[in-house]
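Right after this note come the structures.
In the two complexes that follow, subunit A is the common piece, with subunit B as its partner first and subunit C second.
Our next item is the complex of A and B:
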């Protein structure tokens, strides 16, 4: 079920809200969980078994780790001071064992559904190369929806218990609802237990105010998807599928169009998730913060798919770079390279791990791995060059805080991101490189060419106005102005006029019907 | 505190460390700089900063970082 179908928006959501409100407060969490699991089963059928197994595994592991911690505290009270260290170590090992088993159990499902075939194809290539007369059988199977999203949520829960950030939940309904809350299943965001679990479980009534406030965000998500993303999809499909028929500028336009389309589709979906959350009184974390206003690629990733970046930062980057081995490495590197570049050594190892995993998380394919490595390289280079750039600017008298320089930085950053997303979208690495090559080798431009990409003048006008609208909203948000709060404070008549205007805009200018192909939920495949 | 500000100045010059209170959220310090900072703090103040303490709330201002150092020294 797509979030952007009329059935979802106008039938399913109101239906869920009515059913949820009909039940007494105490039962609402269970009702929401049942609806979420039904939603899951509706899309993925019997694969629902896997999310249930995941939930049970983290529930038991959480309780197990908590019991070990409790036992440790009891034992510590009874032993002498010089034995305490050994006791702590021994219980830490036990806790770690439970954690590692739970991680292996959950990652094994992920591997089986997402990576097994990629692994098998590449092993088979090696076997063939070495003329070994055997091969691994490729199994075709569908993965449960949102497995990449809910697995990371599930792992964050057990890791947070291991690190002592949160207490294990004794209530399996609360925990299950945190992992399986239906709007988050398709494209995230990857919330933390502390973000949503308690509020989801509370069972707050959906009021007229919370419903309309949430719906406001949902409509904005619809506008991004239907007015902009589905329109840009025409160019993207046209050029990516037959790039050899187009020259450089068209390829460039399609690459830019793809990144904007991805942004509008993904952030539009997240708007819907956040909007539904708001109806139930739950603050689902924001996943985007005006990414194209970032100064460099590193900052871009703190503003784009924020929840994934934070997950990697908390559970991969810092644990790897601050592990004992890495700390020893840092110590040695500092002596040779000084204070700025010394820690960069272990930082880069951790960063490499983060980006390899980030690439792989998006999908099993060499182009995804390259996508990860590309960003690793860009972020690392940005960091290494930073002191020299700062000095050079100072020498040339360039004020890096001035608007002109900031715009230059954002444009440079955007171009680097566009190229990265090309590797992401292209069906293979070879195609991505061929497109880049053709973009430079066949560079020419005719105005008429714009109309050979499948969009007519009306499409371009709607697109330009739509993007200007989104851009203005972005500037306001960047300045800390909350447009939605402001609208909800307006008089009833004004508020409804704005809502109707937005609905009309979507109905009139939405890219649906003949000639348009809606964008598939891109991130739902990851 | 002075020593801490010197370390910060050395890693990322040009920031008003006495007053800025969004060092992480305002992107004055990125992950790699924080890594250098942690390594410097651990050497200078003889503490070990566990991963769980690396949250924006602990690193958003020089005062907050100082609070963290003092707390870790006490816990030791």
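Our next item is the complex of A and C:
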């Protein structure tokens, strides 16, 4: 089910709110959990079993690790000082065992549903190459909805307990609701236990204010998706499906269009998730922070799909770069390469791990792996060149803080990101390279060509105005101005005029109905 | 409690004003002719009511098979008859009945064709979201006509003219690998039945046609996925029992559909070239009935000549 279907947004959500409010505060969390699980079952049927197994596994592992920790503390009180280290080590091993088992259990499901066929296809190719007369059977099956999202949430919970950041939850309803809260199932964001669990469990009444405030955010998400993303889909479909019929500039436009479309679709969905969260008094973490204002690829990824980036940073980058082996490597590298390039060596190894996994997380395919490696390379190059660029600018008298230079940085960063997203969208690596090749080999420009991509002049005008609107909103947010908060302080007439304008803009200028094909939820397959 | 009442009143006023706004904008965006006369509700669901009164000779009711297989403009060009595809995606009998009822309020067609595939569709099985979308579409017409804002920003004075008359023009080809006739046997494995409530709606439609002096014809357009011998036999029995004519293009293969080039989706629906063949046959059938008049050259039907010019341009 798409969040952008009117039935979901204007029938299902009000229905959920009414049912939720009808129950007393104590029961509301259980009601929300039941609705979330029903939603899951509606989309994924019997595969609901897997999310339930994941919840039970992290619940038991959390309690197990907590019990081990408690036991350790009790034993430590009774042993001599010189034995304490050995006791600590022994209990750490036990805790680690529980953690590792839990991770294997959950990742096994993820592997089975998302990566097994990719693995099987490639192993079969190898077996064929070496003329081994056997092969692995490819199994066709549907994956549980949002398995990549809820698995990472589940793992962050047990990892945080292991690192001592949070206490294990004894209440399985609270924990289950944190993992299965229905708006987050489709496209995230990947919240942490400490972000949403308590607020969800609290069962705050949906008030008139929280309901209307939430809907404002939902409407903004609808505007991004219907006015911009679905309109850009015309160009994207047209060119990506038959790129050989188009020349370089059209291919470049389609790549730019795809990246903006992806941003509008994904961030629009997150706006809806945040809006629904606000209704229930839950602050779902933001997943986007004006990514195209970033000055380099590294910063871009701290503003785009933030929750995924933070997950990899906390649970892959830091554990790898702070491991004993890496610390030793850093020490040696510092001596030989100095204070800038030395730490870069171990950092790069951790970064490579992050981006390989990031690519794989996005999908089981070589083009996704390449997508990850491409960003690794861009970030690494950025880090390596940074001192030289700084020196060069200083010599040339360029002030890197000036607006002109900042715009130059954002444009350069955007072009690099556009190319990265080409690998993400193209059906295979070969197609992505073929498109890149054609983009440079067949480069020419005619204004009329813009109108051969499926959109007419009126669509372009709506698109430009839509993008200007989103850009202004981005600037305001960058300056820390909360637009909704400001609107809520205005007089009723002004407020209502703004709401009516937004709704009518979506209704009239939305790219839906005959002649338009809506963008499928891009991240929903993850 | 007082706050609660205040919020409820506020919400009602907000929604009321919103409805007024939407209605107002609908008048600007809906096809001109019938907004005032028939009300926005009917214009929204049934495009045919925006046609000039008593100007349509024949209508075709049915699902996507109709709007992909029958092009009224082809019939107009060859025979001068005015026809209209009153079709909706996955149309069910109750909706077909509603459509017919709305159409004959302003039109007096001589012929009504019902594409028989809808007799086999269970109205109960229509997904809830489609039912909701249908209702919403009826009450908020700008959802359907919202893109008409573009018509205010064009130099084309015919931009408001309905050119395709319900037909959806598709030139894409996805060849079918199935044999020309074997598909009828293959599909026999599927269990099908005509539900009693569909028969009831069908009887009501017959009654409506009799009252309005309209000849009703059953029709099955070529489809390798939707049609079978079982369906043919059941509809044939039904048609015979009601004394109706039944044209099944799947049995009488006079059309000689080339399933390698004349289908848009591996044999389920025809594309433009398939539709040309079906439309030509139907035009000839209409001529044989002797019920209709050739309107070509009649100044009252000038807009059809203009529409055909635009239609032809589109085909280039």
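By our rule, the second predicted complex is superposed on the first by the 526 of 526 C-alpha atoms of A that agree within 3 Å, B and C clash if a C-alpha of one lies under 4 Å from a C-alpha of the other, contacts with A are read in each partner's own complex, and residues count from 1 in each chain.
As a working rule, contacts are C-beta pairs under 8 Å (C-beta built on N, C-alpha and C of every residue); 3 or more make two chains touch, one makes a residue touch a chain.
In this text, all values refer to a predicted model and were calculated from it rather than measured experimentally.
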| item | value |
| --- | --- |
| Touching partner for A:299 - first (subunit B), second (subunit C), both, neither | first |
| First (subunit B), second (subunit C), both or neither touched by A:215 | neither |
| Partner chain(s) touched by A:509 [first = subunit B, second = subunit C, both, neither] | second |
| Partner chain in contact with A:383 - subunit B first, subunit C second, else both or neither | first |
| First (subunit B), second (subunit C), both or neither touched by A:317 | first |
| First (subunit B), second (subunit C), both or neither touched by A:11 | second |
| Most subunit A residues touched (candidates subunit B, subunit C) | B |
| Subunit C-facing residues of subunit A, complex | 5-7, 11, 208, 456, 458, 496, 499-500, 503-504, 507-510, 512-515 |
| Subunit A to subunit B touching residues, read off their complex | 163-165, 295, 298-299, 302, 313-314, 317-319, 321-322, 327, 330, 334, 339-340, 342-344, 346-347, 350-351, 383 |
| Residue numbers on subunit B that touch subunit A, as the complex places them | 10-11, 27, 30-32, 35-36, 38-40, 49-52, 54 |
| Of subunit C, residues touching subunit A in the complex | 3-4, 7, 11, 14, 17-18, 21-22, 25, 29, 128-129, 132-133, 136, 140, 142-144, 146-147, 149-150, 153, 168 |
